[in-house]
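The two complexes that follow have chain A in common; it is paired with chain B in the first and with chain C in the second.
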Partner chain A sequence: MNDNILEVKNLRTSFFTHLGEVQAVRGISFELKKGGILGIVGESGSGKSVSSLSIMRLVEIPGKIVEGEILFDGVDLVKLSDKEIQEYRGREISMIFQDPMTSLNPVYTIKNQMMEVILRHMHITPEKAYEEAKLIEKEKEREKVLEAIKNGKTRKYNKKEALERAVHFLKLVGIPEPETRIKEYPHQFSGGMRQRALVAMALACEPRLIICDEPTTALDVTIQAQILDLLKKVKNELDTTIIFITHDLGVIAELCQDVIVMYGGMIMEKGSVNDIFYNPQHPYTKGLHQSIPTDVVGQKKRLVPIAGSPPDLLNPPKGCPFSPRCKYAMEICIEKAPSLYKISDTQVSACWLQDKEAPDVEGFKKSGGEK
Partner chain B sequence: MAREKEILEVKDLKKYFYIKHSFFGKITKTLKAVDGINFKIFEGETFGLVGESGCGKTTAGRTIISLYENSGGEVYFDGKPISIGFEEYKNEIIDLKDQLKEILLQIPKEDTERIHNIKVLYKELLRIIKYKLYKAKIRQRRVKRNRDPRDIQMIFQDPYTSLNPRMTVSEIIAEGIKTHKLLEGDAINERVYYLLETVGLKREHASRYPHEFSGGQRQRIGIARALAMDPKLIICDEPISALDVSIQAQVVNMLEDLQEKFGLTYLFIAHDLSMVKHISDRIGVMYLGKLMELASSDDLYQEPLHPYTMSLLSSIPLPDPEANKKSKRIILKGEVTSPINPKPGCRFAGRCKYAQEKCTRIDPQIEEIKPKHFVACHFVREINDLK
Partner chain C sequence: MNRYIIKKTLFSILTLLIVVTLVFFMLRAIPGGPFTREKPLPEATRERLEEAYGLNEPLLIQYFTYMGNLFTGDLGPSFRKPAYTVNELLATGIPQTAKIGLIAVIFIIVLGIPLGVISALKSNSAIDYGVMIIATIGITVPSFVIGSLFILLAQKVSWIPVGGLTTPITYVGPVVALAGYSLAFVSRLTRSSMLEVLRQDYIRTARAKGLSESKVIFKHALKNSLIPVITYIGPMIAALMTGSFVVERIFVINGIGKYFTESITARDYTLVIGVTLFYAVFYIIMVLLVDIAYSFIDPRIRMTK
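Right, the complex of A and B next:
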């Protein structure tokens, strides 16, 4: 299983508030293959943002990762110290947030903020370091440097190189006149430009994994189309892996290859984009599809909403989190949460209807066995 | 459905905001949030108003209901004018003064006769505008009597800030009834209970406070408050954008049911194009304070004629992976420009790939290109290969 860049195993994250424990993420597991785009879709409070923050280890007090493993290239991020995780944040894994205005520091220029990441993390390539080392006149020093290069340690970027790199990435994301725009402050950028600058910042160290937490939710559709187009382009150019979190099924269909549907802190269904859109097996996924309008010209279909409201994570339902709103709910659903049933090689679904002993309901397949 | 009777008519509606007043109160910049839009809404229909953020759709809604005093143009409800704007004449006075200054600069000082003539002409023009301003002010005052606040009600976007946290639900819903003295005593409570049940809440909820409810339930309270006045027209200002997908469908279905039950007319303002298409009979597309295209929702989605509408519709990601691969996306360059002191000509010219020299000079008027399909574009016929 070496082609998995990220493996999350039974992750639980909770917030310990004065009202009690809010269980935001309740035991999720998934793998992410190198080079893919994984979409996580869910409503507010479904735990999609908290699980991504957990991967970055950015959950703040009173939040805490209670249980679970997050294996990034075989390294368990949960066990790393604060100092060690710093080497991963920004360098190996970076994040693009929802609101471009609040995630940029308003008192620093774009240049300042972009160079900070690059100066902190980037080392020059061994080839370049070797070229430089040859020019050192004193023999002792030169040997010292060459020794370091052999051990894989090269010097960090200097300011001039960092600026060049920052400008290069701003150009890549399509900011006009990056040489002059880089000296400006975030408020001088428009919403779409700010989001582009954030993408550039996230890319600046060529991370292996980029987590996008609703990056287009605050933007207009025409700007959203620009940013999605940009993400596709840079993904191909830089060959990174992307986790894309959103509540918009349309964006998922457009961008992602694999999809995870979350609800109440748990994974409801997981599969390829075609599985989720053309052959959904979980009542919640089906419900989501029916709640968005898919009218054909000339005739209006009435929407089929999901009754009720999302669960209170302070007192989550004992069984399946969706059971209070599910029209197929059975006794066992309220008592015990189902595990993931295998539907096909690519698709799993967490619903008791997939169990062998469950009654037959039209539209739901039975699973061969538990995963 | 009979769609013949006009319930609302908006004629050349304008709303300007003035910014950067100098020390002596001179206006230096004008933000033209809504700059001359025309449309009619027929009884019993749902009229959708879409556009990107900053296009003036919310301002248009708020100006129609007189939350903002309109700067120019007229609004008719049931055939009677309900608001008439006069501020645009103030703008004209300022423009005229600027023009005079420019002209005087070009004329040599020795030419006293010409200067004198120009000044006389200027004074005459100024008098005409001031007279118009005076007339409009008087009409505005008269027209205000025609306004019945019960006729038009509004549902706001954010269910968290549009309900007073210190009032109970029954106080919120009954406030309008009490203000207008529609009912008295126990009848008010009965009415509140009836409204709560109509929007799918329970009687017990009446004595609770807004913070005890979820987003979808709060929006229901907002709808009940609007219904309390027995309105004819409800302006829905992005009523579903703050809600989750599964809750959105609940609210949209309820709005449809209420429309049928009470014979309501909706002005539905939103940026979620697929939902607007679902709920609306006719749709107007706005861009930077101007109406770009107006047609029935099927026509608009099937055959958009304005280049802006085309790209706007093509940039909606569809919840269907195969259809997404097939559809051709028209990605617009650049972003929405500022509505502060806009350049002359078509507002969309800067981002339009068909833009020509004429577009940057002359502002296109909205005209009927096909039956009941209005477009504001100089070259709409050439772009779409029409006669």
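Right, the complex of A and C next:
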């Protein structure tokens, strides 16, 4: 067994609209090591959210995973039946969404919504089940329960246990007086509180992978920082793996170890945080850096936006998706999409400038070998 | 909650007073009166009749006399059916109308909501199109057409009596004619509301928790999508339970829908007010019930009281 918890291979997800096939994700591949935090960054429509929804198999009609494998701990999630994938959702992989104001059901209490995920998935530990089994008086019944424990089957949580667990996790995410506040409805919570509650729900079954789809975008800056600190804290406490999707490079720098830069449904560049921030090797990544405001007091510097707009994924360009906006674009860029060139052991870039036949351009070091 | 209900009740009584007052004076403003005939009655006869019913008094006196009686529960005599009081007429008419109305209401709720849900879940499938085509027909075809078709059928088939409410089979025609429009409307409303709710973020959250599809739909989606449906159903129940002149006329049912229209043409002042009052009371009660139902479904509404 390797230590990759997630391996995505050549994933393609499209939406079949009446206008035609919108290719939202066009063949992405990446691996994720256990215990890491992977950041996926890209502008709106780059395919980052659809990629994450594909992992959860939550892409809605008319969307469909067209091709590819998503190996979670060796199991291909794409091939699972609807029933089987439900066992993974919330239990092994959970997801935190962008807008906490609309992500909770307004007509049920926090308690109800937290407990339902626990009651759905959680089974008591074999030790506890064993203790309980010892108290069963009728021999036949006891044998039956013990046999089940041996086969790894223990009973599900009862309501009392589920409530205790829910309160515990609300406390963990920093909700004050969780015992009373759990009985409230979502509208009685502030935006930051709701996101905390959603984080608690995502954590409640201690999943091995948590996908955060822009969890701080809809929150104001101070709350954003709190939620990021919270994610860091729970990651350490629960020893889980996180995929963090954002369009905010600052958040990536603060939180992640590895970064994937997406554009037009494809991976442009992939590397460690240091690679991406100090040695970007893709014109798009460089462009992103230039469009971040730097907050040095007294210094007036113009932001350099990337000219143009993202490609139309209904008729995606056949070459590199970034080529129409790229100032280094060559003929081949428009003709053919580049494969990933290996920059170092940790970094790859999908750019023809990395090819040994490409002209030398300042700021890009050619490293040759294709991956 | 109790304070809210008390407040609502007081407002309802005020509304009813205004309704009665308006109807009382508006009726008197219409030309003609209960004893106007094509071939005029002899002057002396008319005067004697008017005196007997107190119509010779000044209008304000008549009004206060009427209101005084009203508070004791007496709706007065019917001017055109001298043998009966308005109370008696309502007591015979309401059960007839309500029987048909109640069956229609149950029919609509039991059939309309599930049909809407199924259409939404199978949206853009053959089932969805089928239900929606029938629903569109239901909305566009007026009740008198449906009613007439049933009468036509009853004439051809000997074992269906034409008109009246005698055997169970005679209920089918009036119920279908009465329910048709609302049934179609409710199923369309449920469908669009359900589709709207299924697009919400919290449905995605529920799916992301690994809940089964039936739990996502019946626990998380249905309750939210019923809010607009209940808004419509409340007043709809009031309208159906108080009858339809057209349906009652076609199927020869002596309900209050029929009384209502007849009493207006006949200037049967007391009967008009009686029926209007019944209508208004029923309507207000239904709206109140809808409000209470809301607060059970949606906690955000509960808080604003």
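Note that the second predicted complex is superposed on the first by the 366 of 371 C-alpha atoms of A that agree within 3 Å, B and C clash if a C-alpha of one lies under 4 Å from a C-alpha of the other, contacts with A are read in each partner's own complex, and residues count from 1 in each chain.
Everything that follows uses one rule, which is that contacts are C-beta pairs under 8 Å (C-beta built on N, C-alpha and C of every residue); 3 or more make two chains touch, one makes a residue touch a chain.
Not measured: the values here are computed from a predicted model.
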Side-by-side fit of chain B and chain C on chain A, or clash: fit
Chain B versus chain C as contact partner of A:Ser190, first or second or both or neither: first
Which superposed partner A:Ser94 touches (first chain B, second chain C, both, neither): second
Which of chain B and chain C A:Phe277 touches, first, second, both or neither: first
C-alpha centroid angle, chain C to chain B via chain A, nearest 10°: 70
First (chain B), second (chain C), both or neither touched by A:His247: first
Touching partner for A:Leu303 - first (chain B), second (chain C), both, neither: first
Which superposed partner A:Ile292 touches (first chain B, second chain C, both, neither): first
Which superposed partner A:Gln224 touches (first chain B, second chain C, both, neither): first
If touched residues of chain A are counted for chain B and for chain C, the larger one: B
Minimum distance between Cα atoms of chain B and chain C in the superposition (Å): 10
Footprint overlap on chain A, comparing chain B with chain C: none
Partner chain A, residues of chain B touching it in the complex: 52-53, 214, 216-217, 244-250, 252-253, 256, 271, 273-275, 277-278, 298, 301-302, 311-312, 314-321, 324, 329, 331-332, 335-336
For the chain A and chain B complex, residues of the former touching the latter: 43-44, 190-193, 220-226, 228-229, 247-255, 273-274, 277, 287-295, 297-298, 300, 302-307, 309-310
In the complex, chain A residues that touch chain C: 56, 58, 60, 82-83, 86-91, 94-95, 97, 99, 102-109, 116-117, 120-121, 185, 187-188, 198, 201
Interface residues, chain C side, partner chain A - complex: 200-202, 204-213, 215, 219-220, 223-224, 297-300, 303
